[in-house]
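Below are two complexes that have chain A in common, paired first with chain B and then with chain C.
What follows is the complex of A and B.
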């Protein structure tokens, strides 16, 4: 690991101001650090400055009616053990539980995960299925952007210079499920992740797939194809079309054709699992 | 006898144990190795000047070695290649510097200019047409072994049917949590290395041959060992560290990073196994097995694994006609290295899967099918060795009961599989131990280090304690270096309790005789002698009277730390019928250690995921000397075997590059993948160890991949045939892809 200066501002204004002055290309932003520190240790990057967000008051969440705003540096484990989030966003909890180990989740954050935009992220597919948006803060103030527009490719979020991810907004609780497949169930990288969530607003399912570069993909089966209570044939057809959308990518973890086989099976299971939650709701 | 706990636990829990990675010394330099960037190439030039330009950096290459070694030193093989590199990462030079960061920077600065040559990547690229009916035609052979017995042609000609199958296994790494690390210094004539090793004397022997320095000038001092599993049985970093210490005039620390541990450590490499069985009247009457083993850049003639493991491919069954042939293939990978029970879990996976498939084809219960031909004492192996006391049949009988119980209670759809396995402990390799008796304590002076299994710290002490009537935990184990310890062969081959433990017990007998002499008793009376603690120190209990140890020691002994008595154990190896060997070396088994394992799995028939939900391990370990340690060893072995079965795989590119040198992409099992393990012992089949003990370090991993494979076969009705049995491979076996 090369040496660097660590800056840890206590206020949002200070952080934004510091980043605005920081030399481009020589600064890395630290949230939980569970991914960034590997890059530093392996010397894939050698920034001269590290801007830590850990002292900012971004490590909490709030409810506004049905909407949940999660501060970007909230440790995942805090969300995981909150009873209300567990009952309102079961799919998000499923995705969080898929991330690394308990110890890692005590450090890892939602904002960090978005900022790193890993193609194998377990969280991003779920955020897509929940129609999540991110609040961005930067030199020109705050703006809101759908997660779908923020996540481009691994390590490359669509942020302008000097911008930081402040929080993530989930518009409403949804019956949802996240399912994954890996070589080792615990503490591994998913080669396929499937998120399904039912949007009560338009009565349609949102499905998103992850695990293959360049990024998680959001699939919109139309209402006619996948209604709230789809027939077996409709669900089967939607799963087949979703799997075909997955790029045919082979790497050390799995072949492209196996990923499609898994995606097909897991789309059906995720919709069924989330659908069962809907049925069970009062 | 149990309950002593582990004397190493408090030391380790307090952080007081000094591992190889903890070693340091005043004025120490850090070493770094310069790796070959390609797997095969001719050396044009290696320019050390850019490294030497950095402050305080010492750099050595092939040209410097002779000048560093004592005059007349005759190294057997060049420590750095002069003409050709034969695997990626092969050290072509080494550097030392005041800091680790600077050493690494210096290593990167060395200019290595190589002319690329053709790379032999894998068995598949070298032998695209194999397996076929014919033996493989191989140019690049490190070793070839071939043995045969009985009327094989007749057996196959008259068979009711022949089952011919091919199995593939992947490379597995030992993954000791502590990577290789050592600290070397050279003081005048004396070359000393402290190192994390499982064979201090073996390391000294390797150094003598690699450096050409006589053994008396070499001292190896073992550190605490953070896991070894076969990886720390030969010298690896020590020669480089010693040469750097000589060149720099300072102590030099050399330690692998974890990616380097994966790339440079000697691990087990892939294989293809072909098994053909001729069946007549519901019995196997002939078996032909061929093993093609990737042995990487191993030196020809140095391979022990091939001839040893090939013998296991015939299985622990009586078969009238057999042929076994093994080919050790040379490729441009690092040399093959032993991994707990070297290559036998893989052989057992093949032969025990095959056994289940035969039983299935015949419609016979797979355990009953095994029991009809499994060896019992007095049987003859395929290589003509007479089988000693062997409890596998009893273990299989118990496994059958467990299967019945689980079938009655398990959910439908789960698969249950049984595999038998056997192992032969390395008790043929001898050793010596010394007891040191002071007025207040008894200590075993010996040359091994505890590597985590408990075989040294408990295994050799427990026999001495029992012999002398002392409480568990009363005898201390001291770790000496190779200059002061009595010789021992090493902690490998599950031999420690069986051989070194026996030497320690013999020393205890000799101590009793000597104490008896000093007390004026002999014969049966001396055998009744016990040592007892007392407020004034140790006393000798003669039954009718007691004598304080203090009174029995001479002034010289008191001045020199106590009375020392040695015990030696050099066991006899078994013998095979050499007339059956046509080529190469096969090795006899010393002990016959058997185990039957039962696995229950849940398999996802759509996407192929496998979960092991229940596991039972029934072991014939001869007499169990310390049940707590024995159980822990079995649980660890099963966990490790689950890795080999389902998860672990070194992934080698066609260019000889290891693609997954990290603990993220090389997957060890976590506790989430290891179910509760039911451990049982079968006693009554004594081995060569103290009062019938058999080694237990390696046997627990042997049947695991096979038991899980058979459980998957039971659930799905199709064989997977390849290790590890990842969900994708299971899905392929199901023709989902």
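What follows is the complex of A and C.
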């Protein structure tokens, strides 16, 4: 017999009400399950109820002018096959394609990736570089929080009890690129992941570095430090400063020194790749 | 609030999900409840691709999917591949290129490729693209060369 039952509310209101009623710690939220099922198997969690989000209308996206709102339960593959998202947010697609295999991405979701808040997440650095915010719904209504303030610790995103991630908002399309270093593309996770995006809004770059515990970091170099079209020397210097901000974390995947070397190289390449997209722009 | 799922279809046949435990994975439903043993269990944790099936035409890891999450959806397994236009071409390509040794990984490769070809017209099937779709599938026997030839052939021959 299953040690938990599975409930699948048909509306957001029902889901929030269910969580408000459930005793703390007894319910786990299920999106795609690619992280959660492994947590259950390894007995890291032992919930009595799984609250499935599958029937909520959160598995789609919408445009409001230039801004893109992605429902938290949208399977990642849906995003990667959409031509408009690919052309407006190339870096996001690059990051999505780095998440496991296609067959994993048929289940894996953006909301689940943020719920997991893993330090090796490939999506979080890109969301940071795109200045993404998450819309949260819970017992006291809706609120919006920058992804930077949400993904504070592995497995413990900054959510209050009973809160759910409803959607993710990307404010404006950006020339952007995501690059990673790992041993095997689909079976390993990134030792270092680097996202770069250029904001046409304020004319500045965003760089974010992931893969390194405890969490991904966001760097916002000034326009003089890293101009829109930086010289080789300026880019080299900005990349060195960015890499030095990485915590010197050594684990079974890589040493801290190695990670900084790789981060330095990837920042240069990611800014160059995103910059090349700007060249092609009108 | 429905705790009871209606049903799902496996290879076009309806499967009643009443009584399927909440923690049962699609992989186990297929292999042990429906006795469709073609779908293989490798790692049971998302890393090998041996358990790949199609859900609504899309390659999906059956080891990381709770069966009752699939109410109303359509599953195609390797047993259903011969009835799938792209699936038939993929099976023939694997056979004629000798891309099978022990065969444990084969159902996963076939379903992953079938899902992609079923949705992707000719002209969008470069070798690089096809192999990228299969990055999640591991084979411990063949060294991949024969699989790569079969994948190319299937890309050319599948409708």
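Basically, the second predicted complex is superposed on the first by the 279 of 282 C-alpha atoms of A that agree within 3 Å, B and C clash if a C-alpha of one lies under 4 Å from a C-alpha of the other, contacts with A are read in each partner's own complex, and residues count from 1 in each chain.
One rule holds in what follows: contacts are C-beta pairs under 8 Å (C-beta built on N, C-alpha and C of every residue); 3 or more make two chains touch, one makes a residue touch a chain.
Every value quoted in this text rests on a predicted model; they were computed, and no experiment measured them.
Residue contacts after overlaying the shared chain place A:233 against neither chain B nor chain C. When the two complexes are overlaid on their common chain A, residue A:77 makes contact with chain C while staying clear of chain B. Within the superposed three-chain model, A:265 lies in touch with chain B and out of touch with chain C [touch as defined at top]. Once the two structures are superposed, chain B and chain C can be ranked by residues of chain A touched, with C on top.
Contacts of A:183 after superposition on the shared chain: chain B is touched, whereas chain C is not. Counting contacts by the rule stated earlier, residues 185-187 of chain A appear in both its interface with chain B and its interface with chain C.
Across the complex, chain B meets chain A through its residues 606-607, 609, 611, 647, 651, 659-660, 664-665, 667, 669-673, 726-728, 731, 736-737. On the side of chain A, the complex with chain B involves touching residues 181, 183-189, 252-255, 257-258, 261-262, 265-266.
Taken together, the chain A residues at the contact with chain C in this complex read 1-10, 14, 18, 30, 32-34, 37-38, 40-41, 50, 52, 54, 77, 100-104, 106-107, 185-187.
Remark: chain C residues 1-3, 21-25, 44-49, 52, 55, 58-61, 63-66, 68-69, 112, 115-116, 133, 135-138 touch chain A in the complex.
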